[in-house]
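Both of the next two complexes hold chain A, though its partner changes from chain B to chain C.
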Partner chain A sequence: MQKPHKLNSFIGLIVPWTFWFSMVLVWELACQWGEIPEYILPAPSVIWQAFLDVEFSRWLGHLWATLRVAFLGFIISVAVSIPLAIIMMRSVLIKRILYPFLVVIQSTPVVAVAPLIIVLLGTEDSSRILITCLITFFPVVVSTTTGMLDTPEELIELSRSLQAPRYRETWQIRMPYALPHIFSGFRVAITLAIIGAVVAEFVAAEEGLGYFIQFSTSFFKIPQAFAGLIFLACVSLLLFKSIQWIQAWWFPWSMPSEN
Partner chain B sequence: MLLKVCKVIAIFIFLHIPAVSAKQPIVFQLDWLPGGDKSPVYVAIQQGFFEQAGFQVKVLTGRGSTDSITRVASGQAQFGFADIGSLMAAKAQGEVLAQAVLPYFTQAPHAFYILEESKLTNISQLAGKRIATSPFTSSNGFLPLVLEENGLHASQIQLIKANNGALGPMLLMKKVDAIIAWTTNTALYQDQARSAGKKIRVMPWSEKGLSLYSSSLIASEKLINTDPEMVQRFSEAFAKAIKFAYENPAQAARNVHDLVPEVDPEVAQGQVESSYNLVFNLVTERDGFGKYTKDRLNTTWQYVSKANELSVDALDPATVVPDFSLSEKRTQGQ
Partner chain C sequence: MQNCVQLNGVCHTFNPQQGPVIQNVNLSIKRHEFVAIVGPSGCGKSTLLRMVSGLLMPTSGKVKVFDLEVTKPREDVGIVFQKPTLLPWLSVIKNVLFPLKHKYGRYSKEQQKRAFDLLEMAGLSAFADKMPNELSGGMQQRVGIVRALLLNPDILLMDEPFSALDALTREQIGFDLLDIWKAQPKTVLFITHSISEAALLADRIVIMSKRPSTVAKIIEVDLPRPRTTKTIELPQFSKITAEVRELIYAETA
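What follows is the complex of A and B.
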C-alpha cells in the first residue's frame, strides 16, 4: 500500500515543477526565436540578468520596506477584524449597522482614496499601513463571521443548556469551528496586504518593491521591472504558503482534507 | 574638580548644540521620481550648497505637480518642484498656500516624438494621424493650443491614451504615428529606439509656438510670509546648484546616483543634457537667470487658463510669485 502513495506524491511534486519549467522554457524560446523586443516582453534569461544586476542589499532594502508595511497592515487588520466579527456575530443589530459600512469601505477603490490618506497622514509608514489595512480587513471579517455562524446549532444549544458563559461559547466552540474559514480569510488577506503595500508605494514611497517597479518602468527598464514583479509574486506565494504552514503546525485538525 | 568638569561639559554643550541645531531641517518635495532633470536638489546636497546656506534637506519623491503642490501647501514639505501652470490653475480655483520662487524650466518640456523614418516634418502634417499620450500628463491640456498655433483643430487628430511606459513601444511598433512626451526623457526614448534599431525625432512644442514657464521651485506661502530671508537663501543655494548641474552634467548625474542608487548615472546624465534647453535658452538670455517677468507670467497664464478652460480674470498671474522672485518690482496697488 505504501508504493502507490510514494509514487503519487512523487508525481504530485514533479508534474507542477515540470509544467512551470516548460512554461519558462516556452517563454524563453518564444522571445529568442520570435525576436520579441525586450521592451515588449523580455526573455526569462534577460530578467534573471536584470535581477542579478541589482545589488542584493538593494533588493533586501526594498523587500523589507514592502514586507514591513504588509505585515503591520495585516496584523492590525487581523487585530481589528476578529473582534469586529465577534461583535457582529453576537449582535444582529450591530451587524446590520456595520456591515453596509464595511461593504462601502471595501468597494471604494483604494487607489482613489490613497492620495487623500497620504495628505492626511503624511508620507511615512502610517499612511501606507492604513491603505494596506483598508484592503485586507474585509476578507478576514467576512470569513470569521461566516465561520462562527457556521457552528452546528446543536453544539450551541448544548453549551447553553450547560449554562456556559458567552465568552466560552465563542472561544471554545465557535472559534475552533471558524478556524478553517479564518485561515481562508488570512490567505486572501496576506496576498492583499502585499497588493495594498504596493498600491501605497505607487502613491508615496521612497523605497519598496512597488516603488522599485514604478521606478524601473519610468526609466524604461522593462526587464528590471519584470524582475521586481516576479520577486514580488514569489514573496506573495511564500506568504500565502506560510499561512498554510502556520495552520498545519498550530491547528492541524483544521486543515482541509486533500484527496 | 567637579565644578571644572561641569564647566567643561557646559562649554562643550554650548559649543556643539547650536552647531547641530543651526542646520535648518527642510523637506523638499519632488514632483516625480528622481532623475537627471531633478539633479539640482541632489547636487545642492552633495556639493554642500544647502549645508553652506544652513539647511539640512530631506528629499521626498512625488507623483505629479498636483501632488507636490498639495504637500507644500499643506505644510508637509517646505519646498518642492512643480509646474507653475499647475500652481496657477490650482490658485485660480481655490486658496492654495504655495508660491513659485524660482523658475527652473523657462520653456515647457512638452513635445511630439516621431520616428526618424516618418515623413512628418511639422505639426500641421499631424492631421488624421494617431497620437498616443499618457492619461494624466499636463501636456494634454496644452495639446489643443499647440495644434491651434499650427493651424489644426484637436478633432483633426486621433488621440489615444495609454500608460506612459507603453508610449515608446507603441511608437516603435508603429501602432501610432507620434507620441506626446517630455523632452527631459529624450535620452531614454532614444535609447529605447536604438535597441529596436530605429531613430526618433523630437518636435518640442516650445519651438512650435507654445512658449511658457514650466517647472519651478515652489515654497510654502506661510514660510514666504514669515521668513522671506530664509526662502531667498534657499532659492540662492538652489540656483547655484542648477548652474553647477548644467555645467557639470556627469558630476550632477553621479550626485543623483550617490543618493538614489536606482538611478543610472549614464541615464541621468542624458536627462540633464536633454533638459539643458529648457533651463538655459533665449528666455534666460533675455530676462536673466532665476527671475520671473510679469510679461512671461501673463503669457503662461493665458495658455494655462485656455488649457484648463478657466477665466483669464480668475487670477492675477503676478500673485503666483513673491515680490523678490520678480525681475521688476511691483508698484503700489498691484
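What follows is the complex of A and C.
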C-alpha cells in the first residue's frame, strides 16, 4: 500500500527558505535596478541599515512596551473567555443572552472604539490592555465552546452513568477534548493581541513598536518604519509559533497529525 | 433464578410527530444471563439499552432492575460503547481507573491493583502505561471493556461493542468476553448486528421488529458451553442462525 505523501524534512525546510530568500533578493534587485525611490519602497539592505542605526536598547524598549500590553491583554482575555465559554456551554439561556452581545463587540471595529476607551481610561497601559482584550477574546470563546461541544457523546454518557459531578465532566472530559480547538483559538488570538496593542499605540502611546512605526512615518523615515514593521511581523510569527511549541510540549497528544 | 432486568410495557417516543421508536417492550432477563439483541437498523436497540442504563427514561412503562424501578443511572451497571471512547491523554491504566477518578476524584492502591488484575485478565498488562493511540482497535476496545468492569458491575450493557473491528479480532474478542463472563459472572445485554456473533455468545437472542419496534421473538440458544470455534461447526449453530436470519428478514421485508 502506498504511504500518504509526506514531506522529506530536508526539502520541507530548504524549499520554503530558498523561496523567501529569493523573494528578498528579487526585492533588493528591483529596488536597485528599477531605481524605486526610498520613500516608496526601500530596498532590504536599506531597511537592514535603518534597523542597525537604531540603538538595540531602544528596540528592546519599544518591543517590551508592545509585548507587555499584548501579553497582559491576551492573558486577561483568556482568563475571561474560558470561564465564559464554560458558562455558555452549560446554560443555553445565558448563551442566548450573552452571544449577541459578544458578536456586537466583535464586529465593532476596535479602531473606532479605541479613542473612546482612551478618553475613558486615560493613556495608561490599562486602556491599551482593554483594547487588546476586546480584539482577542472572541476567537478564544468561540473555539473553546466549539471544542467542548465536540466531545464524543459516549463520554458524556459515561460521565452521566457514573453520576459524576458536573464540574468533573467539564474539567476531566470536555476541557481536555477542547484543547486542540482552544489552541487554534490561542494562535489566532495571540496575533490579534499584537494588532490590538499596535492599534492602541496608534491612538495614544509614548513607546512601543506601533508608536515607533507611526512616528518614523510621520518624520518620513520610511526605511525605519519598514524596519519596525518587519520587526513586528517577526515578533508575531514567533509568538504564533511559540503557542504551537507550548501545545506540543505540554499536550503532545492534542497535536493534529501532520501529513 | 432471580430476575435481574425487567421491562414492562416499555415505550419510548423522541419526537411525537414521528411516533414511538419503541412500543410495548416486555422482557425479563435473569441474573447472569447473556442476552443478545438483534434487529433491523434504526429499530431502537440503543434506546432500549439506554433506558436500562438509566440514561434515558421510558415515555411509558417500567424498567426495573432487581425489582427496583430505574429512575437514574445505577452504580451496578457498566456500559461498553460501539467505539472504545478512551481518553487520548490518559495512559491505558489511567483510562481503566477513569470511572473512579471521575466519580470520586481519587482511587486507592487496592483499586489500582484491581485495575492491573483486570488488564492482566484481558491480556493487556504489558500495555498498562501505553497511550491509547499506540494500541490497535481491538486492544482499545478491550480496554473499554476492562474500564466497564472496574466498578464490578452486576449488569454489563454492550452497544455493538465489536462492530468496528475486523472479523478475526471480533471472533477472538468475543471468546475473551465469554472467558471474562465465566470468571466474573454478569448479566450481559449485548446489542449486535451480527447474527452469528449473537448465536455464538448468547443464552437467548431477542429479535426486535422494525419501528415502532417491539420484541418480535425470543430464541433460546441451546448450544453447549464453553463455546469455541468448534461451536460454529455444529449443525445446531447453523439452524439457529438461519432461524434468526429469517425472522429479521421477515421484519425488514
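Quick note on the criterion: the second predicted complex is superposed on the first by the 252 of 259 C-alpha atoms of A that agree within 3 Å, B and C clash if a C-alpha of one lies under 4 Å from a C-alpha of the other, contacts with A are read in each partner's own complex, and residues count from 1 in each chain.
Throughout what follows, contacts are C-beta pairs under 8 Å (C-beta built on N, C-alpha and C of every residue); 3 or more make two chains touch, one makes a residue touch a chain.
Small disclaimer: the values here were computed from a predicted structure and weren't measured.
Quick one: chain B and chain C on chain A, clash or fit?
The answer is fit.
Can A:R58 be said to touch chain B (first), chain C (second), both, or neither?
Once the two structures are laid over each other on A, A:R58 reaches chain B alone.
Could you figure out whether chain B or chain C reaches more residues of chain A?
B
For A:E38, decide between first (touching chain B), second (touching chain C), both and neither.
So A:E38 only meets chain B here.
Answer with first, second, both or neither: which of chain B and chain C does A:A205 touch in the superposed model?
Touch status of A:A205: first partner only.
After lining up the shared chain so the two structures overlap, which partner does A:F251 touch, if you call chain B first and chain C second: first, second, both or neither?
Second partner only, chain C.
In the superposed arrangement, which partner chain does A:S107 touch: chain B (first), chain C (second), both, or neither?
neither
Figure out whether A:R160 sits in contact with chain B (first) or chain C (second), or with both, or with neither.
The second partner, chain C, only.
Please work out whether A:F215 is in contact with chain B alone, chain C alone, both, or neither, and reply first, second, both or neither.
After superposition on chain A, A:F215 lies in contact with chain B alone.
Report, in whole Å, the shortest distance between any C-alpha atom of chain B and any C-alpha atom of chain C after the two complexes are superposed.
After superposing on chain A, chain B and chain C come no closer than 51 Å at C-alpha.
Which residues of chain A touch chain B in the complex?
On the chain A side, the touching residues are 37-40, 55, 58, 115, 119, 122-123, 202-206, 211-212, 214-220, 222, 225.
Spell out the part of chain B that touches chain A in their complex, as residue ranges.
Residue positions touching the partner: 32-33, 35, 60-63, 67, 70-71, 74, 76, 164-165, 168-169, 172-173, 188-189, 191-192, 195-196, 261-264, 267.
Sort out for me which residues of chain C touch chain A in the complex.
Touch residues, chain C against chain A: 50, 53-55, 72-73, 77, 79, 81-83, 85, 87-89, 98-99, 101-103, 105, 131, 133.
Using the touch definition up top, name the residues of chain A that touch chain C in the complex.
152, 154-155, 157-164, 168-169, 172-173, 176, 251, 253-254
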